[in-house]
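In what comes next, subunit A is part of two complexes: it sits with subunit B in the first one and with subunit C in the second one.
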Partner chain A sequence: MLIGAVVAGVVFGLYFALVGLGLNLVFGVMRIVNLAHGDVLMLGGYAAWWLLSAFGLHPLVAAVLVLGVFIAVGYPLYYLVVPQLQRARDSEMLSLILFFGLSQMIEAVTTIAVGTTERSLPGRMLGIGPFILLGARLPKPWVFSGVVSAVAVAGVYLYLYRTRLGMLTRAVMVSRDEALATGIDVHRVSALAFGIALGLAGVAGVFAPFMLGSITPAMGPDINLTAFAVIVVGTLGNPLGTVAGGVIYGVALMLMQTYYSSWANLLPNLLLIAVLLVRPEGLFGRKTRRA
Partner chain B sequence: MKFRNLLPALGLLPALWGGAAVAAGAPSEIKIGTLYASSGPFAAISMPVYDGEKLWAKQMNAQGGVYVAAYHKKIPVKLIAYDDQSSTATAATLYNQLISQDHVDLLMADSGSVLTSVAVPIAKEHKMFLFDVSGTGGTFFTKDNPYIGLMAIPVSTIWPSAISNFLDDVGVKNGIKTAAILYATNDFTGTQAHSLAGFLKKAGKIKIVYDQGVPTSTSNYTVLINNIAAHKPDAVIELGFPNNEIAFLRNLQDSGDTFRFLFTVYGGTEMDLLLKNVGAAGLAGSYSYVPSALYSYKVNYGPTLAQYRAMWDKEYPKGSGVEWGSNAVYGYQACLVMQRALATAKGMSQMDIHNAVFALSGKLKTLDGTFELNSEGAQIGEMTPMGQLVRKGKHGIGIVAVYPPEFAKAKAVFGK
Partner chain C sequence: MAELLTAEGICSGYGQVQVLWGAGLRVAAGERVVLLGANGAGKTTLLKVLVGLMPAWEGSVRLDGADITGQRTDRRVRAGLAYMSELGVFPGLTIAENLRIGGQFVPRAALSRRIEELFDLFPDLAAKRRALAGSLSGGQRKMLGIAKALAARPRLLVMDEPSAGLSPLFVQQVIAVLGRFRAEGAGLAMLIAEQNVAFLDLAERVYTLEGGRVRFSGTVAELHADDALHRAYFGLA
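Let's look at the complex of A and B:
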């Protein structure tokens, strides 16, 4: 049972790395907290459901479409919202309030549009039956989600470390003011990062019905809490640390389910408290915060 | 005319005068206060209940109102409903508001045990009778609280008697020897799990090899299913809310594990919803409670199931976003009890309402079965027979009652 729980935890955790990746990218580049992140993920799930119901599109095709559309929507949305926020004295706190409002709005509109009941994508679309990995029996859709998550993480890594735009993005992450002073188009770089973050959340949403059973308009806040735990563990502002955060969360969750199942929902809170008390900068953070 | 001939007529005068006074003092409307959750985790079970209540109120008002015996006349009903957004804190505030500020005549709880749990002490404190629609937590019903009655489904403690009786009787004959119980830790399913374990242990015919609770927010069961399979149970009983059971059944399909007997709560009670999310293959052969939404009881009050379904479909046609299911029946059922109680209550005090509701116990037969309360207000009628889900065509699913024998329409089939 132990090995099964650990292997399942790693694969499940990879998915949660994808869930937290966008949230951490936004925080790293813009120093704002997107509390509507879980709702964007939910919209990705509903987009996949709609694309399948209306056009019969396979979820993997839907994931590519959702990625493109959400990046395209996120780019102008940045200009609409973020620059004004960053001009304020307490932009982090204001971002919490603004994105909380946005989250409520998205949930309400989605509820009106599709109702409150659970929706899913047929499990057979990503294969039915177990996939045996190191003796552990995993659902095939988990393997797909794990692979897509790994590809997304690799994509973000390549973008940040192998492209010119990525280098500029990292410069903004280190110091927004210095980046501005050196002539970097900070808003363009940030808008693209914001779009990519929304796109990643949308892709995570496409796989949510397979990983979480179903989607509802109300799922956003729970996703946010877990995503927060993942990125705090893996270091706020460090998108690649999110992978470690996700895997730690996944393994810990599966171990909790195996040995103390009734207490499993306390896990995100426990991880948050433990990391904030013992190592507030996260596993891969520096001793001082670069804010 | 001699004076003594006038005496009978004079004797009638006070009654006539009194009756006129009562009618004159009648309110312009009967205010019914309730809550609903348009969002959050309980929206799926709350909104159909509220839709059923709205349908009833609309029907009553179309007929000139509900008949109120205390005023000898029909009075329009006004449904005062607030959105608690699935939050118990918000619900507590709103229940207080309904009583203290809106001064409702009748108080009806939101759907489910979680959102009812905060209404119980508030109603008791204000000495307001609570029409508990589907809050089945066993702790709600106590000897010192006359201000509650469970309207639409049996109290959680007696639900699983159908499962244990079936397993101890039919199951044992078919080789069922061990069972695993997995449940969500809330009042509704937690109470059922503890009662079921108690029933099975008491009978001593089936050994429980796995008994674990998980948070109601649990959305993946892969590792839990692997752990259950490691104990090799013949029977698996999963007790959760719809979101739990959708995730459980999907993960079970993915795992490739099969069990000779598999039970879920909502496989039958919210069959359409689970069919949409799990598919017929994931449900076929499993067992569940047969809900009133799928079983036609003989009625002596209100519409039959078929009549109500026709009304529902007319009010909420396909595509309106409103789902048909057991909760659609529960809201309407609570209103039927209220309607009948108003038609018989001697006054409009909360104890008059209590007495009228309790007087219906064992006599009222509606589309939800026989309404019967114990002395503490817990529902002990409206039994939930055991049913097995069977395929209907390629993608459809249906449920047939298999136990107890007086309800059974088919013989149970166990897996290999």
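Let's look at the complex of A and C:
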């Protein structure tokens, strides 16, 4: 039972890493907390549900479409919103208010459009029967979603560490002021990161019905809490630390559900409080020499 | 010498607080200019206006005679201007990555050659090319900052207090490195904002900035000849 819980936890952890990755990318590059992150994820879920209902599209095809469309929407959305925010005197507080408002708006409009009924996608679309992994029997949709998450995370790694734009993105994460001083087009780099973050959230949303059971227009705040726990554990502003945060969260969640199931919902809060008290820079925070 | 950078009547500041009151300066091609001033004189603000990191409320900035007052920093960098801030490097990136970012607008093959040239000039950095810049000592970071700023072969290197946070020994090392570029006659112009008069060894001309206004403009010898300025910057010596 223990091995089963740990293996399932790792698979779920990869998915949770994908859930938190976009939020951490936006925070790392823009120092903005996107409180609408969970709602973007929810939109990705509904997009997959609509693409399947209306056109019979497989979730994997939906994920590719959602990724492209959300990046295409996120890029101009950045220019519409973020530069103005960053020029304001108290940009961090204003960004919280603005994205909270955006979150409420997305939830309200989605509720009007599709109602409050929970929606799900048939698990058989991602495989039937169990998948045996290290002796643990896992539903194939979990494994499928975990693999897609791992591919998405690897894609972000390749972008950040193997491309010129990714290197410039990391430079902006390290110091926005120095990036500006060096002549980096910070807005272009940030807009792309914002689009990618929305795309990642959308892809996570496509697989939410398989990993979380169902989707509703009101799921955004719960997702945000989970994503916060994952990125705080894995270090705020460090997108790849999110992977470790996701796996720790996933394994802890599965262990809680296996041995203390009634306490499982408390896990995000407990992890957040514990990490903030013991190691506020995150488990993988890196210190640099100051002199 | 042909004028490279010209700033006239610059007024700027932060929010409601005006810092610069009609400041101006000129740097000719290949010329080394030091902008002397105490803390709070407005040196950093003036440099930021020159490189496009802050807007000029009034006045103009010209590069090669073309008005660049409203131009973005990345365009100015492409035009041959490099700025070394007090931080100067990206601590969370490797030394090699810092240099590649410094030369971000240089074609890939040419940049690789340039980085190897810089590693020849800065052998301490070459030995640690994959180390994070944040792991370097203050003096080494300054050297990396200079190398990063030179990666794109700029025509004008604008430096904000390269002595900040350094011991006198490291300050002399920085001056020696910058002097080497002068000796090589690479045609590199420098504008160095400093409060440390040791940097006057590098200068062909000096500006002094006080309260956001240029008080003196001339050669180092002329600065020494002005009793009041001499006392202000060199004490009674």
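Operating definition for what follows: the second predicted complex is superposed on the first by the 285 of 291 C-alpha atoms of A that agree within 3 Å, B and C clash if a C-alpha of one lies under 4 Å from a C-alpha of the other, contacts with A are read in each partner's own complex, and residues count from 1 in each chain.
The working rule: a residue touches a chain if its C-beta (ideal position, glycine included) is under 8 Å from a C-beta of that chain, and two chains touch if they have at least 3 such contacts.
Bear in mind the structure is a predicted one, so any value in this text is a computation, not a measurement.
Visitor: Identify the partner contact of A:R164: answer first if only subunit B is touched, second if only subunit C is, both if each is, neither if none is.
Guide: After superposing on A, A:R164 lies in contact with subunit C but is clear of subunit B.
Visitor: By the touch definition at the top of the document, which applies to A:Q257: first (subunit B), second (subunit C), both, or neither?
Guide: A:Q257 contacts subunit B only, not subunit C.
Visitor: Mind working out whether A:A54 is in touch with subunit B, subunit C, both or neither, as first, second, both or neither?
Guide: neither
Visitor: Touching A:E118, do we find subunit B (first), subunit C (second), both, or neither?
Guide: The answer is first: A:E118 touches subunit B but not subunit C.
Visitor: Now for A:R137: first (subunit B), second (subunit C), both, or neither, which partner does it touch?
Guide: The first partner, subunit B, only.
Visitor: Spot which of subunit B and subunit C makes contact with more residues of subunit A, would you?
Guide: Tallying touched residues of subunit A, the top partner is B.
Visitor: Does the superposition put A:L277 against subunit B (first), subunit C (second), both, or neither?
Guide: It touches nothing on subunit B or subunit C.
Visitor: Name the contact category of A:L212: first (subunit B only), second (subunit C only), both, or neither.
Guide: In the superposition, A:L212 contacts subunit B only.
Visitor: Going by the contact rule set out above, which residues of subunit C touch subunit A in the complex?
Guide: Listed in rising order, the residues of subunit C that touch subunit A are 51, 53, 72-74, 76-78, 83, 85, 87-93, 97, 100-102, 104-105, 132, 134-138, 148, 165.
Visitor: Which residues, counting only subunit A, touch subunit B once they are in their complex?
Guide: By the definition above, subunit A touches subunit B via 1, 4-5, 8-9, 12, 107-108, 111, 114-120, 122-124, 128-130, 136-142, 210-214, 216-218, 222, 254, 257-258, 261-265.
Visitor: Which residues of subunit A touch subunit C in the complex?
Guide: 164, 167-168, 170-171, 173-175, 177-185, 286, 288-289, 291
Visitor: Using the touch rule from the top, collect the residues of subunit B that touch subunit A in their complex.
Guide: Per the stated touch rule, the residues are 38-41, 43-44, 47, 86, 185, 212-215, 217-220, 222-224, 226-227, 230, 242-244, 246-248, 250-251, 253-256, 273, 276-279, 282, 321-323.
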